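Letters A, B and C name the chains as they come in the text, with residue numbers starting at 1 for each one.
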Amino acid sequence: MALAIELIDITKRFPGVVANDHVELKVEEGEIHAVCGENGAGKSTLMKVLYGMLQADEGTMKVFGREVRFASPTEAINAGIGMVHQHFMLADQLTVLENVILGAEPVRTLGLIDFDEARAHLKTVAEAYGLFIDPDDLVEELEVGERQRVEIIKVLYRGAKILILDEPTAVLVPQEVEELFRNMRDLKKDGSTILFIDHKLDEVLAIADTITVLRQGRTVSTVKPNEVTAHDLAELMVGSELPTPATTESTVTSEVALEVSGLTIIDEDERVLVDDVSFRVRRGEVLGIAGVEGNGQTELIEAMVGISPAARGTITLNGRDITRAPVRQRREQGIGYIPQDRQREGLLLPAPLWENAALGHQTQPPFSRGPWIDRKGARRRTEAIKEEFDVRAPDVDVPAHALSGGNQQKLIVGREMMAEPSVLLAAHPTRGIDVGAQAAVWEDIKAARRAGLATVLVSADLDELIGLSDTIVVMLRGRIVATLDPATVTPRDLGAFMTGAKSAGAA
Amino acid sequence: MKRFSELPAWLRWSLYAAVGVLLLTVVQTLEGTDRLTSVTSSQSMLRWAIPILLAGLGGLYSERAGVVNIGLEGMMILGTWFGAWGAITYGAWWGIVAGIVGGALGGLLHAVATVTFGVDHIISGVAVNILAPGITRFLSSEILTNIPGGSITQSPRVPGVGSATIPFLAGGTIGNWTTPDLFGWLGTQKWFFISNFANLLKGVMTRVSWVTVIALLLVPLSAWLLWRTRFGLRLRICGERPEAGEAQGVDVYRYKYIGVVISGALAGMAGAFIASPELSGIYLEGQTTGRGFIGLAALIFGNWRPIGVIGGALLFGYPFGIGLRDLDGSASHALILVNAIGLAAVAIWAFTRSKRTDTVLALVLSGIFALWYITTDVVPDVWINILPFVIVLLVLIFFAQRLRPPAADGLSYRKGQT
Amino acid sequence: MSSIVLVLSGSSPLRAFADMFEHASRLETMVDILNRATPLYIAGVAAAIGFRMNLFNIGVEGQYLLAAIVAAHLGAMVTLTPVLHVTFIMLVAVAVGAAYSGFAGVLKVTRGVNEVISTIMLNAIAISGLVAYLIRIWQAGGAIDPGTVQRVGTAPIPKSGLLPDLNVIVESLTRELRQGKTLTGVLLVAIVVGIGYHVLVNRTRFGFDLRASGVNPFAASVGGVPPKRMVVIAMALSGGVAGLVGLTEVMLTGYFAANPIRGLGFTGIAVALLGRNHPVGIVFAALIFAFLDVSSGVLQFTGAASREIVVIMQGVIILAAVVAYEIARRAREKEEAHAAAEAMVAA
């Protein structure tokens, strides 16, 4: 079969790092080709080079057999390549039609847009590929799956024969993923070539015809799905034996550190985000909360931290009711928090490390004495964190944005744990960090657990959840729908509970 | 029966206007004056509204492209100077052109600072506002002082462009024939509400400067330009989601530049209008008196849509128009009652939406104004000066959360940030 | 860049600068510069407090005028022992400024009104409305008819309410001041304000909270900083400091004049920007702007350039400065990213 895309020796360097190192990629016409790799493996950079958003430093690119070099996305579009970004590039306040035709508007005299022609063309494209959408809807009214459809129509409208999908399933619920795969198969039938990035290995194995694995900027191998298992793929991505989060002996005590009772959270549009949730976490216990993103876990954690108010229910910390307490008070009384978006929620990027170490704890020693900031104390504590939690940085005065993601996360974990909390709320604590840092964080959580810390762990990494937790609850549509024993549940089962395919009586 | 919010914008705003006129008619009857809806008041209102309208439209282009422009005041100041100088030196219409160019240069400066160098929009706007009076002062000292009648702070008289009166509806002339005057006649009939409305309409159609006509035409033109052309769509994407524009081949920097320069040009035109005989008739230092900011307020009030901007401009221009001729203060006094009733209406609206705090707040404020009205006969003349600002604050207090600025407004954009 | 403008206007830049510097080196001029820099510095700190939290307090102008007239009026009504009297006047000024600005802060947190617009509106209301009205009814000698032309100002403050000037100190160090010049005692207030600003923002927990909210408001609130309270307190603090700006003139003349010095508020914003919100940086910025203001008169006298040049210079300086800071920031970020990536590779 002819090659739709051929990348030979593609190399792209940034200051201090080689993002793509002589990468090889061969995508056949009419196939669905997956590109896998960890965060930082170079997948996004490669796609940006392919799409003309970046230019390679070395190497050759061939599209449909012709050698090309794209200086801008427009050139890639003209060559028949369309990109659907992970974070949708849609303007909420404009209609679907306006978003789709932008940049390729049919015009009459004086630059007047010919909306009739645009609408007709859009309809043709949408129907041809079985994608149903109303061109006059405002994008902000659409569901996530529908928005993705708009993105796909955008590229098809311009006649793309090669579609690049960047982590398309990251934001979809399982039914929407099914819908997407259906669309992908239809597109393939019509002769389109699809290249997609994904690191959910079961999905990749389900839909792809060929899989290319990248690691640290290099092509590691190219395989067919029937030749490998998910575990094999994972090891190819990581390059070594996977560390396991598995814990051994139980350290659960009988002392209840955190109790949540009947917690209900309602947003301003009257939607119930968390519905009558109750659970207890004891000292020495890790409670894992499983669930597809968007089922209320984030809101639940935010309510426990104190950022969002609860409409009903109570939260009790070590016997004291903190339901209405402000964030600062909860922190002072022993709640630690590892946020899921460290840059947005947990760090002051331009500030030095020692100030970041104080964030969240600035009202307590060693960071402050009375109304004054104790710089010496802060620096001493930061040095300790750096030492004990292996934060790689020249000194404690560098700004936080100078650290890598993994080191930033280690800093946050360290600062929370050294403040000796009673309860630790950890939201996706190892998201987006390298394997080494991930292993370190797991060790820290395990050690703290042994020392009597109560932890609430929210994670999308099922291995992490099963490995670290003493108890797992599953959240679906704001409710706890299952309470499971990690010793007896498999990732597949857990996934089934999370998507509602399986159900059990809640404990 | 369609819901009110689904009616076309122009129809909704016309209804607001009608309700407003009704309110004014009622209030002025209570107060015992006819000044709130007289022909001269209406003419005055229009004259005062035009600079606000132009500044607001200027803000529209800039902010729809994603650049906040609080330097409108400074650009307007440039417009007053260049407008006066251009008219004196070359003729009335050249004055308008010069004012536009002067303002556009200010816009260009703002664009370079914010778009190319990524300076914070507010800071750059403040810098333009500081720079502009300095430039005009300097130019005055160099050029105006050499013109007879000119000084550092003012210019000699500025010639004006012509004006026209609409035939048939307001008795304008066609050739040598004076046409019948429908609204004028209606106005004299003393029919409650109808005559008042007619008077107001006649006022905006009598001896209307050509610049005013152009300014008014810019409203539908802008709506058409921004929502129906390729240029407009691309400009708007820069203010909503520039990354999407970039990904689809739009040169975001270019459109931001265009938007900001246009905004400067329109603000400059506003300045030229202020210096023209329609308002001041001369260049005078400090004559803009915050109208650039009021234009910005009209933009916000109008929810970043052209029809809303002109609605805001008329609303804010009205007190100015009234105030100047209101020698016995009765109209100013009456406006207090208008405020009180308006707030009461807001209270009712809030009540129907079950917004308790809003309802209470509106009732309390309404009560304060009502009390003020009842317990006084005259009101200090500063009230007229600050009324527009007070109205803006009140509108923002109650409606700020329902307004919808362009999503990427004010954000610093750099290419390739995805 | 200002030289370009000078050249264009047909004057010699070098001569102009030379004249200005020469004039400045005279003692009396230095006193003028310091007198002028003092309110500018305070205004700069007021604006800077807001800027540290990404709040734009554009209403400094209105706040200080309002605070000054209220403080002058109330100060004239009472007579206390000197220390108490002066303190009373200052407290009133601070309170008025804080309340007016804090109101904008309250509007922001309770009703979502952007503080840029609200402070601009409140500014106009203060200047065109409140102050204009109050100056009439509080006119020395009773309320006057708006039609009257002669306006002087509020009732004079008794001697006990005036901050003494610092001539004694100056004269003991150098020589007697001529032309009746006095170095305002408010200079000491400015110094205290500057030190207080530095200590508060950089050494206290509150300052930490303030800076954190400015850098990353969401992370700050996750870190326990109460977001709404901070906004109101920061705005109030900014306004409170702004209230002191008008003190210089009031203490000098003894009353609030009908036409006070205008523009200090906006220039204060420029000073804060130029000084990068840093307590010492603002000192230099204030001195530079004061120098330009004071020296402009000289140019008129010596004919080296027209005095309006100075106003342009100020505007140009501020614009060039913010552009330069932005360029420097981007360069620094690139460099830091480079260093970090290298550290990562090395690790």
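Assume a contact is a pair of C-beta atoms (placed from the backbone, for glycine too) under 8 Å apart; a residue touches a chain by one contact, two chains touch by 3 or more.
All figures in this text were calculated on a predicted structure; none of them were measured in a lab.
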- Report back the single chain whose CA centre is most distant from the CA centre of subunit C. A
- Any idea which two chains share the most contacting C-beta pairs? B-C
- Between subunit B and subunit C, the Cα-mean centres are separated in Å by 31
- Query: Could you state the distance in Å from the CA-based centre of subunit A to that of subunit C?
  - Reply: 47
- Tell me, which residues of subunit B touch at least two other chains? none
- Message: For the complex, give me every residue of subunit C touching subunit B.
- Response: 5, 9, 56, 58, 107, 111-114, 116-118, 120-122, 124-125, 128-130, 132-133, 136, 146, 266-267, 269-270, 273, 306-312, 314-316, 318-319, 322-323, 326-327, 330
- Which part of subunit B faces subunit C closely enough to touch in the complex? 70, 109, 113, 117-120, 122-124, 126-135, 137-138, 140-142, 152, 289-290, 293, 296-297, 300, 380-383, 385-386, 389-390, 392-393, 396-398, 400-401
- Note on the structure: In their shared complex, subunit A is touched by residues of subunit C numbered 203-209, 211-212, 215-216, 218-226, 334, 336-345, 347
- Across the complex, what residues on subunit A touch subunit C? 14-17, 305, 307, 326-328, 331-332, 337, 339, 344-351, 355, 358-363, 368, 371-373, 392-394, 399, 401-404
- List of subunit A residues in touch with subunit B within their complex: 53, 72-74, 77, 83, 85, 87, 89-94, 98-99, 101-105, 107, 110-113, 154
